[in-house]
């Protein structure tokens, strides 16, 4: 009944996301439990090409579930986009008899994975590992929950010092193409306003909103700025506001890469464990070109093609509406 | 179209749960946004009986979203179980013209709420606020996510010191009737074993499992003990193990009430906000005897009667299976 | 024996610092314990001028020891620098019979306090409350320990993602005139380099250091940048490095005001408690124009004039030497 | 000028303490910087006897400064107390040419170190690494600051849920012979009472104090219980109180070994770095039978014999007095 998958490799690719280690652990131990030989690829697709592939056992993944980052490291890899690079990767896997691959990453990772699995006789299952939460086919991507916690802990600290009503704090969060982190952070931190790549907000609108708040709240205002909004970064928008409204005291925080790190939350450790467990079992059952994802409280498979289809993904409109109601 | 709900009160009851303040904030601001008069009841049902009911506005809930506990306080209240107490509560609400009530709490809270709403002409919507996660009708209850994070942060610290293979750490977590906290904590912390109220584990089984681990892992073992398992608390089980296996060095941690506190996680702040928003909108639409709950990434209403039906609720069997595979 | 101090007020001024609430609590309760009438001034010197002065008792400071920020709020106040403003402040205090004042803040605060106490018959004791640690007369200022913890927690998260040897992370920390935060953060986070206002570092030196590290470490480098170094902020230095060394991937984090907030560390809560306790006892004993400070494990008084003398303060040279040895 | 120390080993012994890794890193890198060959001993004195001694270089200690526990592990070792065991340890060191040893640990560790250094021609410098803070010769021991932070974070969470005035929370903290952790935790958490091994408190006194608090505070009370107080653990005292005062609802938390773990605070990372740096430089200068310790803001050496003399060590009486004043 079970197809003849015998040797499975796992890799992480793209930006680091908390929970990747929990997922690697689950992949390796699930494979071992079901009698497979397990391998870890160092530095993602680059490691496939460089033949940086190591055997792993249940002990290789001891005491890693709580660690941020990825023990397998990640890297950008342009060569894997070329036929020659992909061929080399294939040869290296074949030489070790590897017939199944779990790839943990975001849309760039899956684009490569899809091409690879379509071209060669190696089965591939994806796990959505990215703090950006911008993939279709999983309610949440791995690392997103931790990133939100990281952002709100930072904003909580800033709010401690917010006591003067002419002071504006601009907090820049990740999300060049997607406002997912900004939107949920804004709700969870009770921010007064949020600037998203998906919605244009004029300076005038923003100032109107902040003035309304100031008139009733008598306290500082916190504005979450997603990297990819139309004004540029938080510094640019702070300068623009300052130019027009001189009496405001504007303060800027750029969270940057600290959003990618940190010990994963319980949610991400459990999600990573479940996704890794499910992805490995799917491979063993002979599945390929799928992504394991969270749907409600269940793990289900989605076609990689659907996961990558940008038309399938949408910002949560109900949450956007809620930010307006709750920041009155 | 909208029924004539004009005055809405909100209360918290039962054990504290992180995220209750985010929910109170959402209830009050949503009500204000839609033009209702809002009230907060101090100390749950006791406050209804004592007429401890205060008007609230948008500013009453400023700067509380990040706080643990509940600004409205909670209390046990035996009198509300009696007809006389319930009548008094009703008279106090009526005197203020309150025709809608949001109750945030667990199953005890909802039992009272159901009786009350069936008996009197006051509409009631429930919000599942309890760290126990033992209600039907919401994938997660408010506070559960934060409690899991609290537990695993504690276990991470214990694991730092776990370096001798004859040392057993027993960590007692909350859950007299339900192993929900124990089960997810065990997965998220990579515990070697877990004792649940729902599953009987013999001492012999436990020791066999720990010995297997020790033989391959050469490190300490962590055992999560849910309060309500058959052996009693963590001290009892530690003593029982010690009596039979003298060379083990057993160490005990009882987390206790710290699991109920702490700044709510992003997940719980957003969940609390969404549930409060939805519960208030449901009241305004004329709904009653319902509970707002999370289903996947959506908020839906469930009948209170169904939420309270213990037969509807089940421990997650797939997660239980996974604990065995991943702790090899 | 005790002079006739009867009514004592406390205020916080300048930038927020974690631990200020612990100090306010200690001042108020110590005063109450010794039978004095206690007052809190809202918004620092501005509150003195505006007569924003409230009676406080032991309960006014319940449940605040763990909170960041200051319940008394702070504000910049230019008017207090003028004779008219100071006179108004004095009249307001006198009208309430206040004859003792505890001021919690940094050097700007103490400059005002010194002038005031020299001019009027109100005794003043200072408490060094600033995250900058740039005052003479206390081994550590209140809030500095928490700020260091905040910075290193941020850097720990960044380090999780640091796995490519051509990647440079620049972290900007507070300290326009003083490298205290930068220096200790660099040691505590194991940073590869640190740029301070007190020491000029050329770009060439920096790059040489980073290259040496890269050649042996094969991992990313973290550079702490104090606001006031000669190149400007972290963005400026990142651009300058990028211009000269194109193959480096530079990433920037600006921590900003989150360094001023957060729940105070145990160290700062105890320090705040001790300083408030000592300052109030000093006032009661008739002292004035002094600052309470930590010397080893004891609290001692220093003349305000000495605390403000910039020549007395020095960056810790032994720590600077140590950063070079330990970052090899 | 420099004596002929060429090969230096470092070990950790006794209970884990956060900051040990920062200290190991400092010892190794300082030794390397000054041209010495460096070694790490696995599992303390047991590792000396078992010849579990490995060469280390600057890279061996990369990315460990932020980790709890100790990468060198610790162990109890009865054999090192016997002449035969000590002789074996000596032979193993001699075989590798090791002529200097840094031992990081508490009083048990130093007792062994002293005997060893007196008997053999190997120079030994101690570093006070224990969360108990019960050694003479250092204002603070390594790990103590982190342990206090861990305890107060736990109590902060418990306080979130403390809203009923007949509820007593008993928190048991480490310290069988010393109330150092209990005392400072009590101040930093604003606890209502503290039970120490060094001071006898009768049940009657305790209840009187709690009743006074309840009469004015109308909120729950938190009692810190040091392991070694005369009533036994927190459970015992909670039962005793409950027996006499039935209407109190008593809740117990036993923090246990989580106090030994966790990522070290900035204070402990800097302290560990400074102590390791100083201890290694002392060895290189030919010092022996000394302990490096923090005095104010400086590192100084103390004779091991003095550090071990129990008569030298005292609980901080001024802090004890302060707990009474500030908990009114």
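Just so it is clear, A, B, C and D label the chains in written order, and each chain counts residues from 1 on its own.
Note that in this section a residue touches a chain if its C-beta (ideal position, glycine included) is under 8 Å from a C-beta of that chain, and two chains touch if they have at least 3 such contacts.
A quick note: this is a predicted structure, and the numbers were derived from the prediction, not measured.
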Fewest hops from chain A to chain D - one hop per pair of touching chains: 2
Set of chains whose contacts include both chain D and chain C: none
Centroid comparison with chain A (C-alpha atoms), farthest chain: D
Inter-chain centre distance, chain A versus chain B - centres from mean C-alpha coordinates, in Å: 28
Chain centre separation (chain A, chain C; CA means) in Å: 36
Mean-CA-position distance for chain C and chain B (Å): 39
Touching two or more other chains - residue numbers and ranges from chain B: 156, 159
Chain contact graph, described as a line, ring, star, complete graph or other shape: ring
Chain pairs that touch, as defined at the top of this document: A-B, A-C, B-D, C-D
Touching residues on chain C, where the partner in the complex is chain D: 22, 25-26, 29-30, 32-33, 58-59, 62-63, 65-66, 139, 145, 148-149, 151-152, 156, 159, 184-185, 187-190, 216-217, 219, 263, 265-267, 269-270, 273-274, 277, 295-297, 316, 319, 322, 325-326, 328
In the complex, chain B residues that touch chain D: 15-16, 18, 43, 67-70, 73-75, 150, 154-161, 163-164, 169, 235, 251-262
